[in-house]
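First chain written, first letter: the chains are A, B, C and D, and each begins at residue 1.
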């Protein structure tokens, strides 16, 4: 049975990112770089960051402490393996320290963490956006944030990362963007600021009644993707009799009930008022977005029949200055307004300044009206799409939905790119980006489209607040999605039924312009009822599957997956996912400021051994910093990239020792090795 | 007379059994008056016996005297120094001279210490001896109380009751005290052993010039060992005097009753036993006036009443029952055949008279009238009215005023209204009836 | 003192106790690193320090501890236990929804414990030092030593997965009072009650064996009463007095045990909620659950005190 | 007619230190309505004897031999349920410490009534009424109210009365009173003794009174048996015992009691203590403490004999017996003590008070 504790589930739940489920990661710590640090890694050699201020004599074997969170036993094991690997060279004396999850997060988010000279290890979750595999770890703006633990402050790298996403050129030229990311991966391989150890997989385990199921890299979309996704000709059906390994679309059976063991209780059914992956999981059967995605992250219009980037302008955030209003900010940086802050003037610092200039929705509308915006994407909506309450989808729904996302739990990630949404006519809506953004096609439409009637009801009823779209508040969520929520019992179960007037079924999947699947592909999901059972404990969830109380579950400990895989009664589905574990060496502390030592460290991570020994093969070694799922926009040629970078990430103690010896010799460090 | 070695003045010890803060706030204070204003003297070399029934406050008195429990009020002068005022440090020094022997030797001896350590402990505490000298002293003490030095290495449970009491005595003697308070030292022992211990105590007194306060409920033991005796009843001393004065003949009706009740080890002895009515009242709410009045066979009759003392006693018992009772059944018990609440007035009258051992007609007509009224009221199940009917006539001076302790000569003090000249007639009446 | 006044007094005394509990709990949570905002946004690269600060200000988390506490306290006094930060739901409604689940589970564990322990304790005491006593002593020792979660998992493995007698998941579509629940509750009830049963049994045995040696037992025998009547009437009631004490203190451990058991058996009770609350640093929820469970533990003790007096007339309400 | 006949009763206890013979070859009989005293100090085996009569000896104790004929039937031969029919019904017991003998959690009334319900088949109401009557009879005022009081609400004296009421509940033929007044104050003791005496008379109940207090024996009993170390050492009528004791132990006991009006400076004592029953001295078990002990006493175990004739008198019916070698002529020094009676009463036993 599983060794994973329930803490793991909670850990998973707490991370919020637009798409990616974040797992927690640990990093090795380097000092928080002050602004005047030259910051290109090896330029800051005086090692002033040693916690107590007294630079210690560097001598080999080098004492180093590796740190991670204690509740993730796999990660702890991995860190211990790495520590042993360091020790084996004879050049390190290691100590592994573990912390309770919350303590550890607080520890590494301290901007001074990098000064302590420790090597931290955390897990993060990336998305289809290649940026999610470099920015959070290395951008100087993320020191003390998530999750530049060691305080990487490299203006050149910052520029590279910014220019791979923002600006007219990249936003219009995906190839240019891919090239720029390739440069970043090479740069990172050379500097070795971080060492990504592995990429996770998403698992799904089901019994033989489940047919055609294919996984999705992010578990919040696992079920909705598998049930029905024309982008990949994906459909799941129930059939107790046929061999589940034969998944020909001609065998599709309609009807049945799918029972799913879900890892958490959802916080809320209100899309912007929940940030846990399970909430998205349960919402994604009910709500839909303007666009959808395939397994490589390519974006397809969905509720929108089509979309078009109609305008890109060379605007940066300072250009909104004339529309901005001035608002007070307290010492902590809290900005005193009830309006959604869309843009803070880049020259202002809420923490340092008493007043900051900000752009709120009203001024954003003004700016757009004056033609000041970064990008405009225009969406043509399908006509005849109905909500579960019969309401028809119009541009109004889209605009109201964006408004509803203001000041919500997910407003930070929504309004870091969205500037404004505006109805052009009944079925046409434009969404504006703040600056030219290569990710705009994916980022801008990242909201669920909600029922206007429901939003009106919330506004009209004194007893209802934003965030109350939830059966626990006696409000049944209403979307355009293929399933309606029939019954929900907090901490226990949710029951869905197929929505009879689902628009794809009404229109026929063939009417979707980009669809080029086979004729047998159904016009909507085929399973009649979905029952979700919320079972946080891995062992219990696994037991429920074995006892035929659920048909499918996911997120089981890797140790149990082999058993299921070996059994004829169960099928294990694995796809590579975006979560990754990474180490960061304290690059602002001597001798780690020498990139050769960091490279040596990178060579000392036994990635293959880790994957096999610790994760039972249910993870992939990170030969580059970018996983397969993000390769669409993250590299020009994935295989070539891997061929070039992989040597820097191979386990190679001999090379590591060479590098270390060079460092010792060049700096004249004492060594007794 | 010489100055007493210990003089107790107005000593009180109240125990608070109040339920807690809330009750105190509501004025529901409950105080057990275990010792309530005791005056005593102990002279050098003498044994002062303190007797009384269980619950009369003997033990509290003994312990409060040595401040083993903190007295509520009053003074205890030891060689003129008030123990109740001493600081705890000074008190400890004085304690060396004042020792205490417990009733139950087993529970007062630490079961995990050897006899040698038990006896040696006071030596250590007061720094009196150490090393070889200490051992020698322990052996000596054991020898003095009739144990062998070889016993020093054994544990209390290996000894018989009498031997344990000897150990307790040896421990008390270790510090060479002046005064020992013996709290029921022999009541747990077999008679043959009891005699041994009593003899031992007497021998030790002679040898070391000790003064004893000897607390016991056994009057024969107290008489045997004591020079002077104090008789206690409900927290008060009712009589003090030399053993002779108190015992031969007894003066206070309580002392008299106590003495008469002792079963005489002589099958042909036919002394009259005085059987006290009722049991000892609660010290939470002691009777008014003379505390003994509720049981006293010689309770004084009011002016104008002159009946047989036993009739008067019965009449008063009836009155008290009416006062305390709540229903007819409380006055006369229900039997299988009869329910006093159901019977006729006449039958009730008969039942009550038989219950309280009253004659068919009370010999005093006024009393009979009042009694009759009371029965009427009881028959109507109105006990309050019955109480009112009796209130006037059924009344004793003993209920009204507490008696002063009257010194009848040479320190012999008796606290009884009968000693008061104004009740001389009453004394005569009892003398008459004694024949 | 009358029973009414005693109960009233004890109920009043709950207030300072709960106040103390709340101060301690608040202090502990406050001193623990991290707050709800950390938990919500810590690993989200999109959230800026300013966003975090704004959130903190919104929840009042930027104020000094004492101010936060006073605010919380004054809200509680008006019956407002605040909201769950992450979902915005009323804490009181969350707690009230979970409470019956935990009470049912706890009660069931309780009843199981008593139903097993008391007869077993009687049996062991009456057959002291014989085979049955030795066996029961062994079982009791095992019962005390086996960790809850392990026992729960083993029961699921054996009775659900291997023997197929019980479902793994609670019949969530049935109301709590549905008879099917009784069947399902057996395994979690056994899990939660085993340790308690073991301790109660041992105390029952000791206490009964001790009572059996008392003179009133000889006196009862001397009356010619049958042994069965002596044990079940005279001795049992006296022995139960110490069991009641233990049983009351065990309430706390049953509450604590429910945390683990609820997770293993997927029981939607307060215990599971509590774990999530702690992970999320949901101060309001932690405080409310602590207060509620504290309240119930105190009530259990109060009931025990009343039971004492029912069992033992010598005990006065003080 | 003989109500109880005990023959050669021997009770042993198995302890870690060895076998303890708590009662050794005890024989006596009690007539209907008779008051029979058993005297001795702690450890003499009095209470064990009492419990044996009701077959209440518990492990590790065991009645190893002898017979207890009650009204012609040997109790030791009866089945457990037959014994239960006798217990509390035909033989009842008054316990020494009423406080511990009463179950603290049931009302006094209930504890009286339950035996009646059990033995006499009374219904609740009958048992209750009778219990109230009994409480009244044993001198508890307001019996009806007191019926529902709990033991702790009774004073020590009242508790003892309640225990007496329990014993009398089923109108027993034999009442075993085990130190019934030892824990009480003299004032109460006197009343209770009187009460027991009166009630025994009323119910025509025989009493086996167990006590260490010779005063109590003198007051209540017709005949007496003195026990020492598990054995009977003297049997006599109460007058004989007090005015003409035949065993040195009896003499020692009597002279060690302080008496009111006794002006002796020192009490006579019996040196030493009752022997540990694991190691009973050879010969006469009293010899180590006996002032008249001779070598023979160490060697020979004396039997109960008629002190006048020296004939063996170990059977239950023997009226007068003492276990001392003196009476079999085996002592050379003789017993040298004198009983004096102060006052002018006439001794009932004539002039053979001394030896």
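Note that in this section contacts are C-beta pairs under 8 Å (C-beta built on N, C-alpha and C of every residue); 3 or more make two chains touch, one makes a residue touch a chain.
Remember, it's a predicted structure, so these values are computed and weren't measured experimentally.
More inter-chain C-beta contacts link the pair A-C than the other of A-C and C-D. Innermost chain of the displayed assembly, by C-alpha centre distance to the whole-protein C-alpha centre, is C. Chain centres here are Cα averages; for chain A and chain C they lie 40 Å apart. In whole angstrom, the spacing between the mean C-alpha positions of chain A and chain B is 88. Averaged C-alpha coordinates put the centre of chain C at 55 Å from the centre of chain D.
Distance from the chain B centre to the chain D centre is 29 Å, each centre being the mean of its Cα atoms. In chain D, no residue reaches two or more other chains under the touch definition.
Among all residues of chain B, none touch two or more other chains.
Chain D makes touch with chain C in their complex at residues 51, 54, 56, 81, 83-89, 92-93, 95, 97, 100-107, 114-115, 118-119, 150, 152, 163, 166. Remark: chain B residues 53-54, 160-163, 190-196, 198-199, 202, 217-221, 223-225, 247-248, 257-269, 273, 275-276, 278-280, 321, 325-327, 329-331, 333-336 touch chain D in the complex.
Of all the residues in chain D, the ones that touch chain B in their complex are 41-42, 126, 129-130, 132-133, 135-136, 141-145, 155-158, 185-191, 193-194, 212-219, 238-239, 242, 252-254, 256-262, 265-271, 273-274, 341, 345, 348. Contacts from chain C toward chain D in the complex involve residues 214-216, 218-226, 229, 233-234, 237-238, 311-314.
Of all residues in chain C, only 32-34, 38-54, 56-57, 62, 86-89, 93, 97-98, 153, 156-157, 160-161, 164, 167-170, 172-173, 263-266, 268, 272-273, 275-276, 279-281 touch chain A in the complex they form.
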